[in-house]
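Scrolling down, you'll hit the structures one after another.
Okay, so subunit A shows up in both of these, paired with subunit B first and subunit C after.
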Partner chain A sequence: MAELEIGRLLRASTTACVVGCRVSQANAPAFGGLVRIPLDDGYGIYGLIYDIRIEDDGLVRQLVTAERIDEDVIQDNRVNRNVPVEVSVLHVGYRQAGQIHHLLPPRPPLSLDAIYICGPKEACAFTEAGRFGYFRHVLRAADLPVGELLAAHIQLLHRYHAERDNCGWSSSAVQELITLMRDDYPTLMTVLGALSDISA
Partner chain B sequence: MPVNFQQALQQIREMGKQATQEQRRLEERRAEAEVLFLQFANELDTLEQLVDRAAAENPGLRCARPLKEFLNQTFTTPPLEPGYTLLAADGSQINPDRHAMVEFGAINVGAIRLRPGQGNGNGSSQAPEEIVQSQMMFLKDLFTASGSLLTDDLVALKRDLAERQVLAELARSGPAPVVALTDGPLELFREPKGMPEFRDGLEKYKQVLHELADLEVATAGYVDRPRGDLIVRLLELVILERRGQLNRAGAERPLLGVYDTYLFRQLLKPGQRSAVTGIHSGSAQSFKDRLALHFFYLNVGREGHPYFSRVEIPRWVADNARLLNLLHACLLAQAAHLGARPYPYILHRAHEIAVITYDERNQLENMIIAELRRQGVPVDERSNKQIAKDTRYSG
Partner chain C sequence: MSNMIFPPILHNNGDQHSGIGYVVGGGLKENLRVRLTVPAQEVQEGSFVIIDSADWRFYGLVTDLQLGATDPRFADEQSETRLPGGLSALLHGQTLYTNLEVMPALMLEIGPEPGSPRYEAWRKAQMGDPQPIPIKTIPAHHAPVRRAEAGDVAEIFGDPKEKGNFIIGHTREQGHPVCLDLERFVQRSAGIFGATGTGKSFLTRILLAGLIHHDHAAVLIFDMHNEYGPDDTASDTNQKVPGLRSKFPGKVRMVGLGRDSTVRGMVPDFQLEIAEKDITPADIEMLTRELNLRETTPTTLSALVHEFGQINWFREFREMRPGATIETEEGKKIPAPDSVEAWAMRAGVNAIAATGLHQKLTRLFNLPYVVDRPAADTTGEIINSLEAGRHVVLSFGQHERDLDYLLVTNLLTRQIRERWEHSTNEFRSGKSSKEPRQLIIAVEEAHKLLNREMAAQTTFSTIAREMRKYYVTLLIIDQRPSQIYDEVMSQLGTRICGWLGDDLDIQAVLSGLAGKDTLRGMLARLQPKEEVLLLGWGVPMPIPVRSRRYNDQFWRDLKGEAFESARKESDIMKELGF
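Right, the complex of A and B next:
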């Protein structure tokens, strides 16, 4: 399956990064989706999309006050004007020398590194490695919509795993979350509440 | 040292004391202008004769010259013809600075081509095309024939020319009808006019206008918030003639401070344009026949919130009803995009594309310095004056 590039890196730290993408690419990334940033020598970083942001600027704010906006103007702003969609990614692991680790990456990515959507096979490989260790990066992150993020992620991966006859994956994931959050009842209830909205 | 605010405040207070009186006098002049406007709006022959007589006494006379439309005639928004091509260009410049490490100049022209309503074949609209042309000036490019460093005005003239050249280049590929816009008047106000470089630039500028005329492009210069008073100056000729002082036209300004837009504030409704009028001036004399400069006022505002612009056009557009109507409708459509602050969207975008930021200027300078050093060419330091300035405002 051809890799789907969603954008290029704007800024990064050890724990997260922000990717800029053109509006035409913006149809691809989804909240909770798993992405990969391939770097050198078989080293690559995995991340979860936790925010997708479209910034405005003075001109856009002015355009919205007009009675009517021509399609040409809309296309001009989406295609030509340098206001990229910003996709925020939480680092949840990395691959090195063929091994997947659910640890924070030893080195962050660099400016303009390309970032790709993980296809079903790759996503399943990442989420099956270890014992859901990457969940702690989500649970530890401050100011994230933890419940909704995990729900969206599990919903997506449930579909991928089901296609591979691994329908028990999502149940195992939820069990792990309950174990990890047994001492944080309010957050656990938030997460379980979001998970309960997942349609079967 | 900061401004001497004590001194400034004193002068501001003096100004304030006089402001009420000045405002009263201005209102009187406005009222007089309005009376004359209504009285002579359709006396086109009389007004034209006054211009001829005054111009004979004062070759530098600057005023409007009536054509065939009554001065108080208004024209409603025509329907917007489909299938047109809209072009806009703007320019930005870096002037050579003898205090910098290297002397260089740059002209950046940003243009945008839009074909409204024309899709890309798969049901969606096509994004407008952006074009950027960057021209650097080094070494002998920076000097006039007499060996002086290019002035800011000469660089600006080159920029004006480059903008129109880009428009002509784009207009060649059409498809017609084509509307081509620039910000500011078509008339060139660059100094010094006597220099060979100015004359040469002006000739090239006119050549480009001729090319646009051959292509029948609706070319226009758009002036936002005009402070023009060409029609008011025309009305002043009536006053001066009554006083027997027509020979003082231009020097005596009985209606000083009254702008043309005052005359149209009640007259022009949203979407309407005024009569097309010619320009009589020393610099406009360079533009003859089909290049002769004309203008009209346009209310791009909305009910209760009029907002006027002045649109300068060459004769070939003024005489062509189809091009004039297309231009009129197109400008309104473009200005409407910016909602409560009407200004042609495409001109704003051309400006965005053209502008050279401070960081970009520094980046260009660094690139030039790097190349010169790579070639083993020594590079100067900044002047002591510049270093002192930079030190004062750094950190």
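Right, the complex of A and C next:
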């Protein structure tokens, strides 16, 4: 499996972590994509990208007020910037002794641990394990754009699963979402509204 | 492979034998609630369903279908206009649902899975095969619910291939045959009800044909409208309808009322004439309403019997001349000795009451079939035929008035009752070794004989109440069950009911039955034709059925059954070495 590193850990808790990326690395992570943080002894944490943040620094603040900025300057600022691109990741499960669990990891990763994008095979393995237990973590996070996040995730994973002749995955996923959210009409309709935008 | 993430879901109507849902709640009193997992249109009210739960199998009837939603907003909003087809179908599948209300009726212990270690122990503990029993407990949550298959229907209502099980109709959805156990059916009085035009007469013909064919009982049919004995023409289709006489020429005897009577052009096997000596004061009192008799009638009749005796009173009274006078030597007019007035004075009876009664009885005196000396003892012949295992259709021919019907049916039934009571007592006391033959008396327009006023006076109410012990039961055919006396209705074992429009009639048919509130709606929503609800003691559980059609196919099936049983009998004899 070709591993694509997107950055290293800035800070973490049991439920989430923030990864710092260089701009050159920032094209790979996508909103709603799955990442993996391999740790020792076959233990690794899976996460879902729910936010990608680009903070400003002093130089950028000066440059944005300039009348005209050279392309070289823009490129220099992006490539050699001091402040990393921050990718926020929601912990959605972990792997231990070859077994995938849709539970919060026993312990968070440590700073500067490398983070990798999950390829189609790994993403499919994670999302097929169990019965969509990782949706719990997404739905519990009240301050996330849940509808958009799930729509992006399902759109991406539908493509991976369809390539593996598992077209029913997305329907099963949505069915599970409806089951989990049918007592919360406003949220469910928000999620379904977002999903309807990707389903055409 | 579709490029769409949520392609529209095509409804699979599925296999007829698949499950239709699972239990989500309910109880014995309020019925069971079942979440439907197939489209609502696939299940109808009245469906016979099976619920397996642990070691028990439950048999129930769908009595209602209700639409529901996990949140009312899901039902209020037409999300199919907002969401893609596949997505809205997924949403509806999870949030909108149909609940069935299932009335559990019977349960059967089926034991553990055959082949499992527990099964052998359970089997050893059983005394024979377990039988369905009335419902006493309920299935567990999420117990699967499925439609009854032919085997399930046969398990409860009897195997159509077994002798004595007569197919009365078929389940409405799957068309599985539903049988009546004729041996059980004849043990208690029964009723066939339905508004006019609902196929009551055809159903009665079918049932009578079954009873005659299977020979479980002798049948006496009071055929007021000449429908059952002779061949007829259907009023709606104008097609020829074969009568029981022509289909069972060796078994059925058709009796006409009165000398030289014909029934729809057919000459009956013999003609019934009533001897005047057989008419009792009770027979006259029973006609109080019809003849508009006064309250003085019993006194006058009593005086007549006292003076002329039980045998001669009717003839003597008939021969009296009301108002006849003679002139005395003094030229004074006095009642003639053979006048009603003269007799009244002799007997100490009010003369006006006596002449009034005589005048009203003129309708009886003029009946052509009431004669002093009948050409033969036709009443006795009818009774002998019934005892000998024949079946009798008494067709009223031209005499279709209520007076004829009330007089003849009551008089004949009274004599039958006396004979059967006597035979039963002889048999029970050991004086006779011959067990009386079970007899069914089929009575049309039963409310005329069994209404609240008449019920106490006629023999029919006694038969309905008590004669089961004496091997006589009634088959009541009527369109106004509410007019029949409650005490009689409550004694009816099997009730076969077509569509009824009147609430009181529905209430009367369901009186005394468990779950009548649940069944009321089902009865009101039967198809106006060819659908009946089977109820009561004679059937293991209520069930609506599409009744059989009285056509050539019916006769072919019935005669085919005869051929089949004959063949089996010969096979058995061969096996036994004969």
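Basically, the second predicted complex is superposed on the first by the 197 of 200 C-alpha atoms of A that agree within 3 Å, B and C clash if a C-alpha of one lies under 4 Å from a C-alpha of the other, contacts with A are read in each partner's own complex, and residues count from 1 in each chain.
As a convention for this text, contacts are C-beta pairs under 8 Å (C-beta built on N, C-alpha and C of every residue); 3 or more make two chains touch, one makes a residue touch a chain.
All of these numbers come straight from a predicted model, not from anything done at the bench.
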Partner chain in contact with A:Asp183 - subunit B first, subunit C second, else both or neither: second
Subunit B versus subunit C as contact partner of A:Glu55, first or second or both or neither: neither
Partner chain in contact with A:Asp41 - subunit B first, subunit C second, else both or neither: neither
Partner chain in contact with A:Asn80 - subunit B first, subunit C second, else both or neither: first
Partner chain(s) touched by A:Ile69 [first = subunit B, second = subunit C, both, neither]: first
In the complex, subunit C residues that touch subunit A: 1-2, 4-6, 70-71, 73-74, 79, 82-84, 86-87, 90-91, 93-95
Subunit B partner contacts - residues on subunit A that touch it in the complex: 59, 62-76, 78-81
Of all residues in subunit A, those that touch subunit C in their complex: 154-155, 158, 162, 165, 167, 170-171, 174-175, 178-179, 182-183, 185, 192-193, 195-196, 198-200
In the complex with subunit A, residue positions of subunit B that touch it: 112, 114-117, 124-128, 130, 333, 336-341, 345, 348-349, 352
